[in-house]
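Two complexes follow with chain A in common, the first pairing it with chain B and the second with chain C.
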Partner chain A sequence: MTIELIVQQILNALGLGIMYALIAVGFTLFFGVIEVVNFAHGEVFMLGAFVALLSGGILTSIGLTMGSVPYFLGILVLVLLTGSIFGILLERFIVRPMRGAPDIMTLLITLGASIITREAVMLFVPNGRNPQPFPKLFDVDSINIGGVLIKPETILCIILSAVLISGLYYIIEKTTFGRYIRATAQDREAAMMMGINVKKVFIITLALGSALGAVAGLMNGLSYGIIKFNMGFAAGIKGFAAAVVGGLGNVYGAIAGGMLLGFLEIFVVSTVPDGSSYQDLISFVIVILCLVFRPAGIFGERAYEKV
Partner chain B sequence: MLFITIQHRIVPMFQVLYKGDEATSCIKQGVALLFYKIFFAKAKLIIKKNWGEQEMLKKIICFAVLMVFLMGMVSGCGSKKSETVKIGFIGPLTGGNAAVGMGLKHSAELAVKQANESGKNKYKYELVVVDDGGDPSTAVSAANKLIADKGVVAVFGHFNSGCALATVPIFHKNGMPILVTAAIHPDITKGSFKEVTRIMTAANVQNEFAGNLATQEWGVKKIALIHDKTDYGKTNATQFADTAKKNGAEIISEDGISVGQQDFAALLTKIKAENPEAIYFGGVATEAALLKRQMADLQMNCLFLSDSGIISDTFNKIAGDAAQGMIAFNIGKPLEDLPGGKAFIKAYDDAKFTEPHEAYGHFAYDSANVVMAAIEKAGTTDKAKIAEAIRATNNYPGVIGNISFDDRGENTLKLITPFISENGKWIPYYKSTIKVVDKKVAKQ
Partner chain C sequence: MLELINVFTAYGSVPVLKNVSIEVPEGSITCLLGSNGAGKSTTINTILGFVKPKSGSVIFCGEDITGKATETIVHKGIGVVPEGRRVFPKMTVEENLLVGACACKDKGKIAQNIERAYTLFPRLAERRTQNAGTMSGGEQQMLAISRALMSDPKILLLDEPSLGLAPLVVNDIFDTIAKLNKDGTTVLLIEQNGFKALEMAHRGYLMQKGEIIACCTENTGEAKEQLKAAYLRHHSGEAK
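Now for the complex of A and B:
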């Protein structure tokens, strides 16, 4: 294998891993703070992509041209908003009524919400049954640097994810509200006794995690140019796998887990003969291995800190 | 008059209750009895008045003999004038393929109508239509219905391979000739049954054609294979590879992908490093479009070939600009480019059917004509002889060209068309301005 080839594959892996990481962060936040496994998280990924596709019309009607930076920022804001609203609705109508019920109930009801969302998109989006072409937001060809082809979309996705994850880090570590989130994650009762509005913390956590998931959906559309009503399921499974591998409840573990998954997939495809047959299988194998040998995930020791 | 009305209106009604010929003879007997009873009562009265008991008996016997003789004359005359022969059509008239099925049915009706109007034939033909619903189990009961109808001497039809695979052994067991119209699975003619023939080109032929075209005409020597691990995709890729290997080409890699997978960057990066001259993909539109897009991202401009599964607007829509130059092979040929295509389109339009003939109507039209020509040639309603005659069809001038059958029952006329994606549309390669030159696609 030549050096260009290796660099090319590393770039491929980065693009893939960062997307998994963004989804995984949501899973891990929900589990760490609210102690729910949200199976509807894959659907916010799909919704993000569809909102990005459908909002094109609105943005051009207010005078933004496709391919410009404000246009892209407009889409980004809309996607973030959609994700947050979906998260808030989920908290209000799905998670909150289920508080105190056995965990399995919450899990099942989020699964139900996921199916409803998916089918609704299939039914109500025009021609929603078929895959939808996603427009190229920037009309730039791949850049060739010393034999390595760099897709502008990949670079954009990496930068965007880095910005969003730093933003999340800032909110959690530096703001008062972040301190509330960390406190709730550590010990819900104690946090309540300290006067923290736990309800509000839950809402904000779901909004934050879902917004990141929605952006991952937008990035998926950008990278592959195609979105489907059922794309959320596979993405959700992979994000969940990444979160488990990183240690559920640990945000940095989720990012590391996502990256690990991305790199492993690319590694297997590029080195094992007929490896692409197993690309989608790898995440499951890793989860099983992880649950057998290291149930708390890579960053398991610090699990008590959670977030 | 009454008799004709009965034959046209009541007989079909009874056919639903009884099976085929039984119904006809049953009604004939019934009618004869009715006539006899009415005349008998009337005659008895008249004769009794005029001649007395003794004479009456004689007259009655005479009259009865006359009646029987007359009845025999009537029915005998009917069959001698022009015997009606039934041929069966089986196809998907309901379900997901109903539109195609209606096109097949109307085209068959057109052929039968033309044959009956031509006045050249020994027999008069009647089309018996049954619905296979595109579903193998429905197809089996539909096939049994045709077999139970004693008047049906030959059958043609089927669009879904699953249906044809299910019914072909049944037709064979009952000695019913079946001409498969539009189902493409290679195994349909696997048994080499003498009753089974096929007018449509089988699926494997498109891959052999593709393999020969790529390696011999376009000179491709290094090929990378990708397939979607489904029966469909894998079979296509394997058959293409076998033909290519036979022609001396090298298969440098073979990779499976999953249906629904999105990211092929790693796979394509790996393949790119091996410098193939062509990539063949066995699968369907969505994955093909994603592969083509990501090939463009990696600036891979080797030939990209695929099967008929990707020829759809979905491919062009999703692949966008990257779709340009994609090559795929399909069974059949655009109707207007076929020898009898224009005449068929005109005749079909003139017949003013409510549904269009769809993609395969002309195959049903040809099937009906081949079957009727074989019955004329056999000159009998014996099914075994008709099956023989269908198989012996030699250069029958159909819409698709000159039809003959080989030992297996396959049409020796193979219709395969390479298509190329040009400006967001699938265009037959021979009409396109984009050509393969030196293992690259370029505008001429």
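Now for the complex of A and C:
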């Protein structure tokens, strides 16, 4: 393998890993702060991709040129909004009514919500049953930098994710509300005794995590050029795997877990003969290995640090 | 300032508080004594709205706060030092204090209150960037008290502040409570081993099996002796 090819694969792995990281962050936030495992989280990924696809048409019809900066920002805002709204609805109709119910019930209901969302897209989006081509944002297929062929979408995704993850870091670590989120994760009752509105913390947490998941869906559409109503399932499993690897409840662990998963997948795909058929298997193997040998995540005990 | 009137509270169908009436007058230290399982923590939980009473009411500053949301109740001016301290372990001392200031919107006031906390407990100032979970029990208790004071509460609820602390530290904590009270904070002090608490209190209630079985509403040595006697009597009675 040449150096150029290795650099190229590293960039691919980075693009894939950061996408998984964005999904995993949601899983880990919901578990850490609200103590729910949200199996509907994969669907927000799919919804993000579909909203991006459908809003593209609307934005061009109001006069924005496809591929221009305002066009892309418009799509991004709509995708973030969709994710947030999905998260808020989840809080209102699943998390809040199920407070105090056994965990398994919440888990099953989120699974139900996931199926409903997926089927609704299949039925109500025109031609939703079939894969949808996702329009390209850039005219060029790839840029050649010193022999390394890079898709401009990959660069865009990496930059966008870095911005979003820095934003999340800032919110959680530096803002007053982020402090309330961490307090709620560490001791919910004590947080309430301090006068923190825990319900509001839950709503914001679900909105934040879901918005990031939706952007991951948009990135998936951009990178692969094709989206399908059932794409949320595999994405959900992988995001969950990454979160488990990083230690559920640990935001930075989830980001590391996503990266690890991305790099492993690309490594297997590019080195093992016929590796791409094993790509989806890797996350399952990792989850099982992790649960058996490092149930607290690869960071060991520190992973129990919630948020 | 804070008053419970004929409060009945139950967890499911199990009654816990039976006809509890407690009054905490403004400027006083009122202490609520009782052994394990007497219903002291349930009393706090009822005041804070974690459990809704079946009947009866909780009045704070002339306002009925029965069954309101916890954050609404706390924002009205109640500072809580929970049982077992419950500081946020993965946050620094300073962050814990900032979370305590949740009910306070004035930034200048918050900065001022942080300085006040560091003056009250210089030990906290030394450890302002240390994670609260790595501190000793006594230091955590200091933090829990400072945290509760961050939003300038009208009343301070302390749930077993002496629990698990060395006797010398307990003395410090009690001295601080007395000092805070002298500076104008009303205190409701809940204690299991409460003779010490009773010494500095203006009022005392004795609780057993969810009922108030004795109280002293006068700040006299005689009344306190009677409450102590009742406490010992019921304590030894339970032991049999």
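Definition applied: the second predicted complex is superposed on the first by the 304 of 307 C-alpha atoms of A that agree within 3 Å, B and C clash if a C-alpha of one lies under 4 Å from a C-alpha of the other, contacts with A are read in each partner's own complex, and residues count from 1 in each chain.
We take it that a contact is a pair of C-beta atoms (placed from the backbone, for glycine too) under 8 Å apart; a residue touches a chain by one contact, two chains touch by 3 or more.
Quantities reported herein were computed from a predicted structural model and do not represent experimental measurements.
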| item | value |
| --- | --- |
| Chain C versus chain B on the shared chain A, clash or fit after superposition | fit |
| Touched partner set for A:Thr28, first chain B, second chain C, both or neither | neither |
| Which of chain B and chain C A:Ser84 touches, first, second, both or neither | neither |
| Centroid geometry (CA): angle chain B/chain A/chain C, rounded to a multiple of 10 degrees | 140 |
| Partner chain(s) touched by A:Pro133 [first = chain B, second = chain C, both, neither] | first |
| Per-residue touch tally on chain A - higher for chain B or for chain C | B |
| Partner chain(s) touched by A:Asp187 [first = chain B, second = chain C, both, neither] | second |
| First (chain B), second (chain C), both or neither touched by A:Val198 | second |
| Chain B versus chain C as contact partner of A:Lys151, first or second or both or neither | first |
| Contacts of A:Ser277 with chain B and chain C, given as first, second, both or neither | first |
| Superposed arrangement (fit on chain A Cα atoms) - minimum chain B/chain C Cα distance in Å | 39 |
| Residues of chain A defined as touching chain C within the complex | 176, 179-180, 182-183, 186-187, 189-198, 305-306 |
| Chain C to chain A touching residues, read off their complex | 48, 50, 69-71, 74-75, 80, 82, 86-91, 95, 98-100, 102-103, 147, 151 |
| Touch list for chain A against partner chain B, complex | 1-2, 5, 8-9, 12-13, 15-16, 130-131, 133, 136, 142, 144, 149, 151, 220, 223-226, 228, 230-231, 234, 265-266, 269-270, 273-277, 279-280 |
| Parts of chain B lying in touch with chain A, wherever the complex brings them together | 226, 229, 253-258, 260-267, 269-270, 273, 286, 289-290, 293-294, 297-299, 314, 317-318, 320 |
